[in-house]
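In order of appearance the chains are A, B, C, D and E, and numbering begins at 1 in each one.
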Amino acid sequence: YTGQTLGKSLLTVSTTTSLFDTGVLDTLKTEYEASHPDIILAFISAGTGIAITHAKNGDADLILVHSPSHEKAFMDEGFGVNRKILAYNFFTIVGPSEDPANISGVDASTALSRIYDYGQSLNSSIWVTRDDNSGTNSKEKQLWAAAGFDYETIKEADWLVSSGTGMGATLRMATELELYTLSDIGTYLKFFADGLIDLQQLVVPSESLLNVYSAIAVNASRVEGARFNLAMDFIAWLVDSSAQETIGNFGLEDYGQALFLPAVGVIESQTSNEIYGWIRSYAFFDYDGTLYECPPPWREGDYGLYQS
Amino acid sequence: MAIIELVDLRAGYDGQLALKGVNLEIDQGEILSLIGPNGAGKTTLLKTIGGLISPSSGSLVFRDTDITDTNREILRENATLVFQNPVHFGTTVYKNVAYGLRIRGVDESDVDKRVKETLELLGLSGFESRNARKLSGGEQRRVSLARAVAIDSSILLLDEPGADLDLESKRIVEETLRSLSKDRGTTVVMATHDMFQAKTLASRIATVQDGQIERIGRASTVFRLELESRIGDHPVLNRFRAQAVWIESDWTKGGHLRLRLEGGLTLEATGHRDGDVTIIIPPEDIIISRQAVLSSARNSLKGSVINIEASNSSVLLTVDVGIELVAQITEDSLKRLKIEKGDEVFVTFKASSVTVY
Amino acid sequence: MAIIELVDLRAGYDGQLALKGVNLEIDQGEILSLIGPNGAGKTTLLKTIGGLISPSSGSLVFRDTDITDTNREILRENATLVFQNPVHFGTTVYKNVAYGLRIRGVDESDVDKRVKETLELLGLSGFESRNARKLSGGEQRRVSLARAVAIDSSILLLDEPGADLDLESKRIVEETLRSLSKDRGTTVVMATHDMFQAKTLASRIATVQDGQIERIGRASTVFRLELESRIGDHPVLNRFRAQAVWIESDWTKGGHLRLRLEGGLTLEATGHRDGDVTIIIPPEDIIISRQAVLSSARNSLKGSVINIEASNSSVLLTVDVGIELVAQITEDSLKRLKIEKGDEVFVTFKASSVTVY
Amino acid sequence: MTLASEIVEITLRSLFVSGFAAFIATLIGLPIGVLVGLRKFRGRPLVKGVFNGMMAMPTVALGLILYLLFSQTGPLGFLQLLYSPYAIIVGQAILVVPIMVSITTETIENVDPSIRELALTLGADESGARAAVLRESIGGILLASSASFSRAISELGVALMLGGNIVGLTRILTTAIALETARGEVALGIGLAVVLLVVMLVINVSLRLAEKRVRWWLWQ
Amino acid sequence: MTLASEIVEITLRSLFVSGFAAFIATLIGLPIGVLVGLRKFRGRPLVKGVFNGMMAMPTVALGLILYLLFSQTGPLGFLQLLYSPYAIIVGQAILVVPIMVSITTETIENVDPSIRELALTLGADESGARAAVLRESIGGILLASSASFSRAISELGVALMLGGNIVGLTRILTTAIALETARGEVALGIGLAVVLLVVMLVINVSLRLAEKRVRWWLWQ
């Protein structure tokens, strides 16, 4: 129990708390270690900011995150290569079942507008924001912007509570104080299924609520000591259909709903499926006017990951 | 009137009895000395009287109220103990001495007066703002005494009040105790190993032995009994039983006794006694002469030498004068007087040489 | 040979000097008593000699090595101090006494032997496994003494070794100290308020006063000087200067002196003195008679009564016998002898009544 | 609101909340510590061991348990304490009571038992005697309070779970540090920690420098 | 691996890591505490105040600072300690040294100064005298160690940041509790906390029950 690695290689994966806390990574770890007995997968979970710092500092070989803007910056600075989108799901706006702002069944932008209006007419709180620069928080900012509000301005409003804490705690707070909030689907379903929260999913999934998870290998030529080969091996394994299936099945049994939807197939097929389009416009990066899952300059070695 | 009464009192530490059935009545206003060997139980007894140790059986009565089990705080309020080892609050001498007064809600100005007075009395003026724990041994003892005396409680319990004190301080303490007892009716109980102090200060003495009171009574009586029990079968020279008659006469305030010994012999001594007594005449105080002397010495007897025994540096002469008296003289004197066994001689000694107890 | 030498030594607490220039030589194997009032500096002096307080100036020499500033551990190894207030390690009596031996690396079997021996000596057999802090005051004092004595260090420093002890224990301690000094050459320095102990035990006495050694010397000398300085201008009765000649004679081991007083008068006394001395003859030891007496009393002088003064319970008679002697007799005796001013009388007192110092 | 004024606000709230918690813990823990320290009863080692062991309470779990109690649906929901500074105060107080009790007990035990007897024989009643013993152990009591205060102000789990790190209401130094760290604002996080430490150092050094005066004052 | 055997493993790791940390803290803190407690020097209140204040170190920030030191690119990166139990040990040891020093100092200060003099006059050298003083204060030293151990085993920030909560390698009780709590596994989280508390209670109660024997043994 003193944690000897016993000659095995340690592959360190830096990830965000909300992803790690769903437990999907533990399932993947078990499978991967079973087929790679000489590897120990170590997931280090932290807020998105720190998770990326870990990678920059050479303390991780790979990052698993869900914040395209952060990812782009990370790769822009040369720290990451070979980005691969692995899965997606939808954020959801949840709130009290009485639904005082009457947002049930509308899309995200409308919902936020109604919440804004309702909030302005009220002296008490109605919305809780995590305000921690996490992937979820980044998404929330986009949503407010899309609905026509400046996040930094409404943050000062009386009807908005800033929780500054993790998703689970924020959901709890929303339950206790009867607030609306934006949640990733994984945490919400878990807490809801366990009866820890009493909030309803109120809006319909839509493009604006899309949440995309990707893996990025740490650039060994920029960050000394990064185990690039091991990282690429793991990414290749994640892309593989069996791992994708595992991701797709995770949570089905417990929550009657998948927490993650496999993305690799969607991107490969490049169908005119509207999901592909949503992913493309939300999580692809622009390079020379073209959108790439991973723009060519940020690719390292040939692992057959990309079609274009 | 007994202010404290102990009946078959037992007390101890962790189930180990240190007092094994003490019976004791302490009178209001008396000074009682407790003497006895180390570990006899003196301190334990004082602490029990002071309400700091609870008796395990027996009864403890304070002013007609039985407080064996309950209300021990009555004892703590009325009796103040000065510990065998000085202990102080970690503050100044002044505040240590003021503590008991302040707790009793005495007016601050009266506190100040009383504290200053008491410190003055015990030679501690100028020590007011010193840290009570950073003093010499004797100074600390005096602070302990001052702290207790300042309170003016009705019972003062003292454990070795003379230890560590210089002679002057000891005298002051003894005088203070005497005047407290006489003028204010304070009851004083003290444990001491200083026999002289025990004798001169106390109205009564109790000997404590193995957790019990062995003897109690007036100093002279107790010391006599003690002496007798100690001496056991060792012979003490010139010890006799006698009938004392106290001769009242104007001229003597020191007291003048006539002693009638067995066989009708009469001797004179100083003191205030009546009845059965024991006397001792120190051999070295006896003068031997060939002729009768009319002298200031009140006792002059004729007898015959029945034994001459030379010890290292002197000679012991046994003279039968009705009783067998032993006199100690130098060998030189023996030669000069040419005394031999069977000779008639006179023995002379002063009334003040006779110890009566 | 001086084992310890202090030259103009100063030491104190928090910058406040308690020793203000002490000069003292302590000889190997002697017993030196420190006497003096509370707060004089006795404890401070003992602690300084024991290496527990560092001198602020002056010098401190141990066996010809100056260790004022350095190597104070030499003192701690060679000198053992018994504190004025008993302190113990929170463990058994046995382990307390064994501590010093174990620290010195003594064999465990020897430790056992020595500890048992010492406990036996001090009447503590059976106390081995008792908690040293849960003992009576005197028992604790004895543990302190045992702990020091067990070590057999070359200097023993004792602060009030007699306090709290019963008479028997006190006697044992004194005998132990005497034999350590005599048989093992242990140097003993002790502070005491017990003048009797100081006098009978010590080869020399030093009086400490206000942080300095005031007087040092043989017991009798120091006590005489003390007495004189105390008495100041109060008259002491029958005090005279004399020339003492020690008369060597086989028969006396106690010592026999011839004293020549001013005016050619000769008296006899006991003791071992030569040269200039002061003598005191207690008035109550003098017998007055009308006729000369040939008696065992070695001093018999003729003179004339030059004054008669009645005090409360007795009469003081001044007789000119060459010197003016005052005798104390009862008024009754005065009447019986019919003595009046101008009468011729004989004064008689034993050699042992003359105090020579 | 400027960053500086926000930091001041958060710092003051931290001091208030944890100071209050330490104060409550002192009110509760001191008497318990004095009793356990002074009374000789069977099972005392057990009681001491229990309080010692309780010092290991993990704050996350304590926060969770109290959350379940204070939640709307919980047995104490009616108190409406959740997400208020008072919830944090209650939680932190509970967290540090064992520290307060443990250090107080040890300190009181080390006071010469004669001090109690001295006070009693000079006429103090039981509570007066206890006060006398307490006065002697002021250094240890200061330490107990300081350790409790420190533990409270440096804990995160309870504050996060019961307070919720709500800006302007329950955000205190540690929750702010955690948030900035999560945000990747490393410098700000460390800066806040420095603020916390500096404030605590100033308070503790002042306390120790004032100790003598406190002692003196206690004897007024 | 079953849940039970996993809990056992995590618990043992917690005990090992925090026990080791407390041990190191004792090695470092005890001598400092003894020195500060015994020596009378100018500025002692300052030193005491500083150690008292350092007890308020927030673990998140300490974890962050140490992370920056131990990170590959940090000045101590070459030690390769990050994400190993040893990193947690170092971090926790640093965290609890001030507690160890503070309690030890206070305890040593309360020992009758005559004890030191007694040891010296009986022939002990300086270190022997210090040992004698230490022996007298065994209760306080036990408390200092126990409080340090408790603080270490109940902290989260350092373990999370330096250990990374890696299953089978650095997951300890508090990181597991935090994870389960975040995952909404309330029962499991509380269950783990109960395990932690029960283990610590058992250890501390045994320690207190053994105190007398320890005292006795120290005097062998």
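Rule of thumb we're sticking to: contacts are C-beta pairs under 8 Å (C-beta built on N, C-alpha and C of every residue); 3 or more make two chains touch, one makes a residue touch a chain.
Since we're looking at a predicted model, the values are computed, not measured.
Asks: Enumerate, in label order, the chains that touch subunit A and subunit E alike.
Replies: Both subunit A and subunit E are touched by D, going by the contact rule given at the top.
Asks: Among the chains, which one keeps its Cα centre farthest from the Cα centre of subunit B?
Replies: It is A whose centre lies farthest from that of subunit B.
Asks: Do the two copies subunit B and subunit C share over half of their interface residue numbers, or under half; same or different?
Replies: On the two sides of the subunit C and subunit B interface, the residue numbers are mostly the same, over half being shared.
Asks: Suppose each chain is reduced to the average of its Cα coordinates; what separation in Å results between subunit D and subunit E?
Replies: 19
Asks: Compute the distance, rounded to whole Å, between the mean C-alpha positions of subunit B and subunit E.
Replies: Centres of subunit B and subunit E (C-alpha means) sit 60 Å apart.
Asks: Go ahead and note the Å separation of the Cα centroids belonging to subunit B and subunit C.
Replies: 23
Asks: I'd like the Å distance between the centres of subunit A and subunit C, where a centre is the mean of that chain's Cα atoms.
Replies: 95
Asks: Scan subunit E for residues touching two or more other chains and write them down.
Replies: Each of 112, 181, 186 in subunit E touches at least two other chains.
Asks: Identify all positions of subunit A at which a residue touches two or more other chains, and write them in rising order.
Replies: Answer for subunit A, listing residues that touch two or more other chains: 17, 46, 169.
Asks: Of all residues in subunit B, which are in touch with two or more distinct other chains?
Replies: Each of 85 in subunit B touches at least two other chains.
Asks: What chain pairs are in touch here?
Replies: Every touching chain pair, ordered by label, is A-D, A-E, B-C, B-D, C-E, D-E.
Asks: In their shared complex, at which residues does subunit E touch subunit D?
Replies: Where subunit E meets subunit D, its residues are 45-46, 48-50, 52-62, 64-65, 68, 99, 102-103, 106-107, 109-112, 137, 139-140, 143, 146-147, 149-151, 153-154, 156-157, 173-174, 177-178, 181, 186, 189-190, 192-193, 196-197, 200-209, 211.
Asks: So in the complex, which bits of subunit E are touching subunit C?
Replies: 112, 114-115, 117-125, 128, 132, 135-136, 215-216, 219
Asks: For the complex, give me every residue of subunit B touching subunit C.
Replies: Subunit B reaches subunit C through residues 13, 36-40, 42-43, 84-86, 134-139, 142, 159-160, 163-170, 193, 195, 249, 251-254, 256, 284, 286-291, 293-298, 312-314, 327, 329-334, 336-337, 348, 350-352.
Asks: Per the contact definition, I'd like the list of subunit D residues that touch subunit A in the complex.
Replies: 67, 71-72, 82-83, 160-161, 164-167, 171, 175-176, 178-179, 181-186
Asks: Would you pull the subunit B residues touching subunit D in the complex into a rising list?
Replies: Checking each residue of subunit B against subunit D gives 47, 50-52, 73, 76-77, 79-81, 83, 85, 87-92, 95, 99-100, 103-104, 147-148, 151, 153, 157.
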